[in-house]
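As written, the chains take the letters A, B, C and D, and residue 1 is the first residue of each chain.
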Amino acid sequence: MFFASDNSGPAHPLVMAALVHANEGYAMPYGADALMDEVRVRIREIFEAPEAAVYLVATGTAANSISLATLSQPWDTIFCATEAHIQEDECNAPEFYTGGAKLTLVPSEHAKMTPPALHRAIEAEEGRGVHGPQRGPVSITNVTERGTIYSVAELTELCKVAKSFNLPTHLDGARFANALVALGCTPAEMTWKAGIDAVSFGGTKNGCMGVEAVIFFDPKHAWEFELRRKRGAHLFSKHRYLSAQMLAYLTDDLWLDLARRANAANARLVRGLKQIEGVTFLHEPDANMSFAGWSRAGHQRLHDSGATYYIWEGVLDGTDPDKVLTARMVADWSTRDDNIDRFLELVRG
Amino acid sequence: MFFASDNSGPAHPLVMAALVHANEGYAMPYGADALMDEVRVRIREIFEAPEAAVYLVATGTAANSISLATLSQPWDTIFCATEAHIQEDECNAPEFYTGGAKLTLVPSEHAKMTPPALHRAIEAEEGRGVHGPQRGPVSITNVTERGTIYSVAELTELCKVAKSFNLPTHLDGARFANALVALGCTPAEMTWKAGIDAVSFGGTKNGCMGVEAVIFFDPKHAWEFELRRKRGAHLFSKHRYLSAQMLAYLTDDLWLDLARRANAANARLVRGLKQIEGVTFLHEPDANMSFAGWSRAGHQRLHDSGATYYIWEGVLDGTDPDKVLTARMVADWSTRDDNIDRFLELVRG
Amino acid sequence: MFFASDNSGPAHPLVMAALVHANEGYAMPYGADALMDEVRVRIREIFEAPEAAVYLVATGTAANSISLATLSQPWDTIFCATEAHIQEDECNAPEFYTGGAKLTLVPSEHAKMTPPALHRAIEAEEGRGVHGPQRGPVSITNVTERGTIYSVAELTELCKVAKSFNLPTHLDGARFANALVALGCTPAEMTWKAGIDAVSFGGTKNGCMGVEAVIFFDPKHAWEFELRRKRGAHLFSKHRYLSAQMLAYLTDDLWLDLARRANAANARLVRGLKQIEGVTFLHEPDANMSFAGWSRAGHQRLHDSGATYYIWEGVLDGTDPDKVLTARMVADWSTRDDNIDRFLELVRG
Amino acid sequence: MFFASDNSGPAHPLVMAALVHANEGYAMPYGADALMDEVRVRIREIFEAPEAAVYLVATGTAANSISLATLSQPWDTIFCATEAHIQEDECNAPEFYTGGAKLTLVPSEHAKMTPPALHRAIEAEEGRGVHGPQRGPVSITNVTERGTIYSVAELTELCKVAKSFNLPTHLDGARFANALVALGCTPAEMTWKAGIDAVSFGGTKNGCMGVEAVIFFDPKHAWEFELRRKRGAHLFSKHRYLSAQMLAYLTDDLWLDLARRANAANARLVRGLKQIEGVTFLHEPDANMSFAGWSRAGHQRLHDSGATYYIWEGVLDGTDPDKVLTARMVADWSTRDDNIDRFLELVRG
């Protein structure tokens, strides 16, 4: 009963098989491997973006930080939601990679920036000439850090706001596939057709071992990204093992299949929780993550049975068994129905 | 006939098997996996260093840059050989991670700093108070970038010089195992007993897929390194796959076995080349890398037969078939005797 | 009728005279001038801090950024009010000097952080181990950017909160003297007795040409600050001209006298404005800065008569003469009563 | 008898008078003062560069670091002489401001790079794609740190080398005027006509209190420089005092006059020293700085009589009175003939 994160499950067997398969003889290092050529072709196809610059790195923080650094200047401020991973969970990596850019936190609802709030935030960064930070990229996370999803229309509106100020846009897609299958749109619709310039396209949380693609729809960013990646020590010599993961992930729609499984697991969990009296939700769970509250007694039963998840608000230790504590639960492709059902039983009591 | 680098060969099957084996169920992320506990125990045993802080990253540049940043201040200068990887091949990653420290290039012989040259270089960085860079760590590479090796006595002398100025010492051990088996000493003798404070302990070039350990013999550096690693985006969520590689690498002396194979392959190559008239060596090849020169005609034959290696000095295209060009050849654990012999034949003509 | 800022008035004649006086013969460079010895002695006396490390720089942004960098690590977040100069008006200089630290904006009332809001903000930065930014220094501005003042009791409370988390504290005292004379306390009471660790002690806005002192009550920060100052290119060779300004400023209580003049000028302005019907104040003006609103027609009259000040909210051009626009007005030591009175007349209409 | 540096003498009375004169009423801050308009016009005239972007900062290190940062990327390496001030005496400020660029030290003769050496150094930084540092600006110092001077022809040759690799060029002119009057050429000939893109134009060492201009002949760099200057905390609010110094300096050829005086003082010293038996010169002194050696006994006599200068090589304390120690002597505009003559007498013994 592991619901702590989708960063802790196994890689899919097809990904592992691809790694073993790739492990034959010599391969040119540093991204010059033949598999990377296939990855590039495949991603361009999937995104309907024949000119896109495509790169691989091993962590989501690297994908975000290096792409944002490529889109900004050290004197800029990056606009993002208050809950953004780049703000909350990257130990100042964006500030490090950008050389000291600032992050402007845009007020959000359920971790989603609204276009008017973004507009106000950007507008507020003006009129001070050289004194204030300059306006930099807008970074949007889909699936958000609270499990909610921006619709294509919402993404489009946010990008319109950014573009009205001539600012570049970045999509943190650590859970890109989960958002995509929930929205039922195409990768192009969720990105460049909506106005996105650069994407962190996650693989790690959805069945890979550790690989994320970075996609720039305008290839003019390519060489700068390559230099920044190397300078950040994120260029792998034995790059074929990144390529092999990503290629397996993109083959025969494995990535979509795995995301559907994760989303379905979460839906089963949510359905079950909604039927339990007294369970309340912080946000409407659209993808593979949910935040719901129930009694401390319920949490204690789960804890005693070895269930693993984060208590988001509140502390398990305490005297009032009726006190409501909120859980953060994340499903991945490997989450099993029997574990979900047992989890629900324990909540139920 | 691939001799371009030891960063291009396959991972050893036992490493791949360990990855597949590790790919079961959930594992706590970010270095809290159970395999990492075993890695830590094992490295402390191997290095006879029960207090050492041990971490894993995926690239050698990350291991070097983050450990040097941990040992230095932005206003320091790091002392290293003119040929050091941190100077030549990391796209300013050390400058990036240290926040702008300088590198002082110490004149070297066959890519080895001599103690007097190091002493002079350190001594020269003084007397200017706040104006000049401050003296920072000494970084030593073993095996060097030219395939030569520092003896334990030489390492000890260099560290003595550093310590006489109260400076910390770093060992770039991207080819640690190759040096160790060539020297026939213990890991402790090659490191802390000689005066080394921090080690980049390479796995990638010697049969792993992509993993390097960083070892601080004084655990006071631990927390700072952890923060720097995360801020650099080098903390893996699915960390177990780094652990699994490293554990397999260290099990049953696989690491030593693979290094012996690579060194033996290079020795066979060198032996063969030395028997060919007109072949000259730039440096005495001590480990798994050699630099030797022969006629352009010989290189052309190799090239036409698909041999892959770097021409270090000179250009293949040209008119004089007798012109000597120098090759850089690197063997890894998977280099096969038949390929070496065929290579030699083609040099011979 | 110049009320745009206290950074635009003349230096006091005694400061200029001191400069001319200092301009004799040779003086040791880089802070080793004899005048600096006197400055150090004088500041230690004034602050009752015989151990304090004392330095001079030429700009307030340098004083803030370099002292905050000395108190923090690149992976920290600095706590400050939403309106703080370090956030709003320094073009990411704090991020630059700290090597990429973050600023956490603490909700404020009239540009003053409240202790509970500070406590909540610090508390919120926890529980994510290596993932989130680490807690760094608390920076407090007195006089605030909105002309309000923290009492000694309020400063003490804020510092208590910081100390309860073991965090260092910084006072941005660009208008230190204006706050001090308004509070009627001693420099020690407004700083280290309240729990402040480092002070940017402004001279520029209060009658100097361009000089700010940085004071660390714990001298352990001294050497690091010196290196950071030099690395930031803020160590003056002809340092005597910084010393001379500061010494004149501190002699015979000139600094207090000038601050009293500026505060009195502002008080006269405020008194006059309060007597005019329809004038409203954004904040209670405690020192030498005020924010008040009146009709567009009034602003137009001022503008036509050559009055210089910032329209803080609203735009002068427009059709409705009754529309209220807010002005930001700052007085300095040289503000003349006749200009204030004429300004008031023009508001009155 | 002060010969330690030209950074320790007084400002010229006309510069002080200009400061006092400028100290009237209010002046727009941050470079918008009317005096700065005059400075801009004057510098464009002097340099015959009507489009040039012109800025003022207070220290030479700021002028060098910020202009080099504007011309380079963090992954670049800057080419300069081994003795360059940016390498030796700026505590890693160039690395700080550039965000971690490297400096490649070009072997020099008497602190002057030769065109072939520069060519070799630039050429050597290639062929490693993303791995090595990228080629960045060439920085040339005139007067050099050893008191020698590049001729216009030599500057032109160096710039030709840089341009053949498409690299921008920077002139560190901390002693610009001293070089100019020694060469007898025009400012344009010593800069853009020779191929220089950006100049640090020193005032501090030649009769100012603390001011340096930065000149970009191509104004496309203007806005980036302004942001970098502010972010570096080098934008003065009371900027008129920088402008006033520079304007006085450039009025009625004061700057040339002062440089001629300093050079003449040095010439008198050199003439005298050359007539003393046993005095040897390290370099041919072309401007206002010389390096010459004589007996320890001579140095002792000078020391006992209160002469101030640096002993460049050797240590005064010692037993052998005949041992030769080298002195570094610098004259400025205020160096008096009687002090020179007394100095010479004491060397003579």
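Just so we're on the same page, a contact is a pair of C-beta atoms (placed from the backbone, for glycine too) under 8 Å apart; a residue touches a chain by one contact, two chains touch by 3 or more.
Owing to the predicted nature of the structure, the values given are computational and were not obtained by experimental measurement.
K.L.:
Quick check: more C-beta contact pairs in B-D or B-C?
P.N.:
B-D
K.L.:
If you line up contacts by residue number, which pair in C-D, B-C or A-B shares over half of them with A-D? Let me know.
P.N.:
Checked against A-D: the matching pair is B-C.
K.L.:
Can you check how far apart chain A and chain B are, centre to centre, with Cα atoms defining each centre and the answer in Å?
P.N.:
Once rounded, the distance between the two centres reads 34 Å.
K.L.:
I'd like to verify one number: the distance from the centre of chain B to the centre of chain D, where each centre is the average of its C-alpha atoms, in whole angstrom.
P.N.:
The answer is 41 Å.
K.L.:
From the C-alpha centre of chain B to that of chain C, how far is it in Å?
P.N.:
51
K.L.:
Two-or-more-chain contact residues of chain A, please, as numbers and ranges.
P.N.:
74-75, 90-92, 96, 99-100, 130-131, 134, 227, 230-231, 235
K.L.:
Residues of chain C touching chain B in their complex?
P.N.:
Those in contact with chain B are residues 30, 73-75, 99-100, 130-131, 134, 226-231, 235.
K.L.:
Write out the stretch or stretches of chain D touching chain C in their complex.
P.N.:
Counting only chain D, the residues touching chain C are 2, 4-5, 7-11, 13, 16, 19-20, 23-29, 57-62, 65-66, 90-93, 96-97, 204-205, 209-210, 227, 230-238, 241, 308.
K.L.:
Taking the complex as given, what residues does chain C use to touch chain A?
P.N.:
74-77, 88-92, 95-96, 98-103, 105, 128, 130-134
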